[in-house]
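What follows is a pair of complexes built around chain A, which joins chain B in one and chain C in the other.
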Partner chain A sequence: MDKNKHLDSVISTHQITKEETLFDKYVKKKNEVKEALEDKYESDIYSPFNSGSYAKNTAINTKFDFDLVSPFKRNAFGCSGTLKEMYEDVYDFLYEKYKDVAEVKKQKVSIGLEFYADSDGDVIKIDVVPGRELSQDQYKENENLNLYVYYKYGNIDAGSERIKTNVKAQINNIKTRATDEKDSIRKIIRLLKVWKNTKYNYPTKSFFLELITIKAFDNKTITGSIWEKLETVLEYIRDNVTKDSFTLKDPGNSSNDLADTLTSYEKQQLSDDMKNMLDRIRDNDENLKTYFPENSKFKKEESKTNQYGTNSGMPVPPPKLNFG
Partner chain B sequence: MSQRVNEINTVIKGIPDVKIVKPFEQSKIDIEGCITVFVGGLMQPLEFNVTIHPQYPFKSHETETIKFSNDNLIEHKHIMQNGAICIHTAHTPVLSQKLIYDIESVKAWIKKYYINKDSDTHYEHLIVPQKAFKENYFAYFFSEVDYTFHKNQFGFVDYSIMNNGVFYKENIQSSIFQAFLNKDRKKIVDVDWNFQLKNLPQSTALFVFLKDAPSKNQRWVFNDWKDFETTLPQDFLKFLHNVEERLAKENGKTLPLFVGYNISETEIHWQAIILEIGNFPIYGEKIDKQWLTKIEEDRSIHWAMTRNCSYKYFFGRGKLSERITESKILIIGIGAVGSILAKTLIRCGCRRLGFIEFDVKEPENVCRSEYSFFTGITNKTNDLINELCLISPFFEPINGGYDYSEAFDFFIKSHLADTGIKAEMEKHLEEYDIIIDCSADNGLLYVLSQLQIKSTLLNLSISNHAKHLVCAAEQNRYDFIISQFAGNILKFDVDDLHNPTGCWSPTFKASYNDINVLVQAAIKQINTKFEQEKTLRNFFIETDDTNCFNISIKEF
Partner chain C sequence: MILKIEKIGLSLEAELLNKLLEIGKTHYQKEFGGFLIGYYSEDNRHLHITDTVLPKRYQASKYSFERSTEGIENEFTEFYTGTPIKIYIGEWHTHPNNSPIPSATDISAINTIINNKNTSIANPVLLIIGYSKNTVDFGFYVWFENNLYKYD
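Up next, the complex of A and B:
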């Protein structure tokens, strides 16, 4: 099996341009939510913006990651209003507005909107991330925001108000690296997102995978084919993520350590998953397909000559191979 | 004197603080003697009659073949019914060495239980002499109930005979408690067992709850009825008298009486006495113009056996993680893999199990699954429920009939595009905490992989010759299974299949042993992950018998 050929196909079948119709639906829905927030909060809110993977140029077409950052003014919830009050107020508004058409869920730092399937069966998911400027009008100067942590987030306790960050700086940092190094960093990030998407509710955020990929490229000499690059990044994660000294600086605030967004158990799980993946692919190249599947919707049909049971001219159905 | 007797006398003579009072001599079968043993802390040495059986220095039936007895020590801890100290020492085939070990053990017993009067942390049941009643033994099994008995409460117990068996050389009848009723036969509380046990024909017994153990020294159960004189309330004795009167037509039959007492603040133990109708150990006596029921002198008590079969004792020796045992589990497909899995789960403490299987058991299924020949051709679901009811009194089949299985297959496969029915199926399946698909039906695997359900969903299937077992536990389960079996990853023989007579599709070749070793390894892996609170990943188990048998687990 040619691992590089397969990985190239994984990337190309996951290109966002291949799902333009669905993507347009996402954009439209994102704009609707944005307008609803602006109508509701009027002068108390700055313009909400998308901070998801599309904004960072790292998107895949099986999971769009639309995060709508909603920057509130310092006194939007009263001069003594708390971040918790901000979070609850935005949740209450979104719940009332969308409860009949979507599932509205409180998440770690965001509020999830999962719209019920439309007539095509498409489900649109948008995460609204409420943030508040640190002092009156300061956002206009440096775009820093305080976020509220609703659920325990790695080592960050629920109710914590200590996430201060600059989401735009985060976006720009990743977008620049992903665009400048599109054959290496961008491809590896996309592949890791494809892998993450094979898991249910994986605790590691895409943002973490983006940063750790960049860190691997900054700390190791990563060259060669796409598989060789991917292999080196997987090894880097396997060997480093559980180290006590391991940190991941937030490009939006250098005093934030993104390594804190995973518990030590979750870091160990990530490291173990990397180890298993490397071991299984070394056992048999074909296992690469299990970890990094092509998007079957856009997969090119392979030549019929390689298919089962065509040698005699009469098609022979494949035999049953698994039993219970 | 034989060389063996000589050796015993010589060795014992040489052990410090031990003196031979009566030298060892060969009796008809055993070698017998008498010794004293001294331990620091004693005023004077303790005397023991020593009996050495011919098997010595080897154990027989898991007990030592040397007995150190002293009737005066009978009230101390770890003294057996025959007055012998209960010792368990290290094995050695060398007689002289074994004698040294055993006498060291006697010294340790003297120090711990005679001098220091230590008590063990675990509860030691009263010693109840095992005697047959009219050449029959009786055993009664109870389970804890959600009810608090009060001191001197009495009434009836409904019980059911489960089986008539053989106890060494005698007959034994085993029964279960079914329900406690008050003296007016109004039900107080039911004893929970599986539905088949609950459906057994019922008979009547009596109970009295004393709160305190029927023992003078917390070691030995009362021997004679007169020991109960100060314990059994007059109300209860009168009740006994009335019961006997009412049962006059059944003279000569047995009637069990269960005597309950607390062995801890929260736990009750029941002992059983066999009464003979028409021969109760009571009589009436007129005192101050009033008839009182009195206990007869010189009547010994016929104790029977009881066993506490509550869940914690029944599975006390080992069970799976609570994450599994406390779950409501659905097994889809109960062929070789599914039936072995079901039986293992039930033996390992699971209670709530449902099945989906439309197939019928044929004689040729028996050799490598958990069905019996005896039941002939019957639905696998019915047959397995019966098998599992025989194993665990706590098995609660949920769904699992043939109709349910047919309906499941129809709805889940025919209505995937119908969002309403799909949502209903998802809701129904989410009532189960764990769903294990052992059907090897890749169509069903595909359908299940399209559902959004929070339950833990596992898929187990094996390759020909049971070379591999593949367990899919993750979201990509369909692709994983298909790629492992048909994606040029797992290597196994695809031609040497078993072709049953008739128009059947070929099936895999493998024995019960081949399959079971894989299924048990898979359960072990799943249980380990749950116990360690780790996320379960897809895995496969691979066997290799090129030289010797090797088995390895590969986690994804």
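Up next, the complex of A and C:
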């Protein structure tokens, strides 16, 4: 098996341009939610913006990662309003507005909206990330925000009001590297996202994978074919993520360590997964296809008569289904 | 005993089939159902159905059944991380006092599965158990090449 040919196909079958119709639906829905937030909070909110993988140029077409950061003014929830009150208020609003058309869920730092399948079977997911400026009008100066941590996030405790970050700086940092180094960093990030997408509810955030890929390229000499580059990054994660000294600086606030978004157990799991993956691919090249599947929807292949179709990753049943 | 269907093959233990029937009967006269778990053979020509996952949240009447995945998401992950890797491959439900023929709602459900990006199975299986006090009839269906086929 030609590993490089397969990985090239993984990347090309996951190109976002192949899912333009679905992508347009995401944009439309994102704009609807944005307008709803602006209508509700009027002058208490700055313009919400997308911070997901599309904004960073690292998107794949099986998971769009639309995160709608909603920057609130300092006194939007009263001068003594807490971040918890902000989070709860936004949740209550979104729940009331969308409860009949979507699952509305409290997540780590965001509120997840999963719209029920439309007539084409497309499910649109938008994560709304409420954030508040640190002091009145300060957001206009430097775009820093405080985020609320709803439940335990790696080593960051639930109820923490201390994730201060600059989401626009996060986006720009990754976008610049992914665009400038599109044959290396961008491809590897996309492959790691394809791998993550084969798992259900994997604790490692895409943002973590983006940053650790960039750190691997900054710390190791990574050259050669796409497989050789991927192999080196997988080895780097395997060998470094569990080290006590390992840190991942948040480009939005150098005081934040993204390594804290995973517990020691989750870091060990990530390292073990990298090890198992490398070992099994070394045992048999064909195993690469299990970890990095092509998007079968866009794969040109021979007739499948009398054969079941293959699935890419773990199939997840539709959340609600009616029978008669 | 193994029930076997040739061509694109399907097999499942009679024990599992009886278990589904018994579970379904406990909800008589309402419909009931759940998720089918299994795995494909290496050459993808055969499907082994091995387990079921039951919904924690559902609504049912004599002629309808709506199930949710809420609260049972991890069960699918457990099957997926086991050996052999087992996956969600379809759905089953009962038709009390009726035949195991798919209704328009059932066909629409299959379409939802096919079109759901997260589901990523090309050939979902639908098992309908039609039963009454004295009769039982199983209907196995698979979505294949854009049609719903009944296994012989």
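In the analysis below, the second predicted complex is superposed on the first by the 301 of 324 C-alpha atoms of A that agree within 3 Å, B and C clash if a C-alpha of one lies under 4 Å from a C-alpha of the other, contacts with A are read in each partner's own complex, and residues count from 1 in each chain.
Note that in this section a residue touches a chain if its C-beta (ideal position, glycine included) is under 8 Å from a C-beta of that chain, and two chains touch if they have at least 3 such contacts.
Quantities reported herein were computed from a predicted structural model and do not represent experimental measurements.
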Larger residue footprint on chain A, choosing between chain B and chain C, goes to C
Which partner does A:D120 reach: the first (chain B), the second (chain C), both, or neither? second
Does the superposition put A:G324 against chain B (first), chain C (second), both, or neither?
both
*State whether A:D273 touches chain B only (first), chain C only (second), both chains, or neither.*
first
Partner chain in contact with A:S47 - chain B first, chain C second, else both or neither: neither
Which partner does A:T62 reach: the first (chain B), the second (chain C), both, or neither? second
- Have a look at where A:K289 lands relative to chain B and chain C in the superposition and call it first, second, both or neither. first
Report for A:Y200: first if it touches chain B alone, second if chain C alone, otherwise both or neither.
both
In chain A, both chain B and chain C touch residues 117, 199-200, 318-324
The residues of chain A that touch chain B in their complex are 117, 198-200, 269, 273, 276-277, 279-280, 283-284, 286-287, 289-291, 293, 318-324
As the complex stands, chain A meets chain C at residues 22, 62, 117, 120-123, 199-201, 296, 304-324
In their shared complex, chain A is touched by residues of chain C numbered 7-8, 31, 33, 35, 40, 43-45, 47, 63-70, 73-74, 76-77, 80, 87-89, 91, 93, 103-106, 108-109, 111-123, 145
Within their complex, chain B touches chain A through residues 333, 335-338, 419, 438-442, 460-464, 470, 474-476, 479-481, 483-489, 492, 494, 497, 505-508, 534-535, 537-538, 554-556
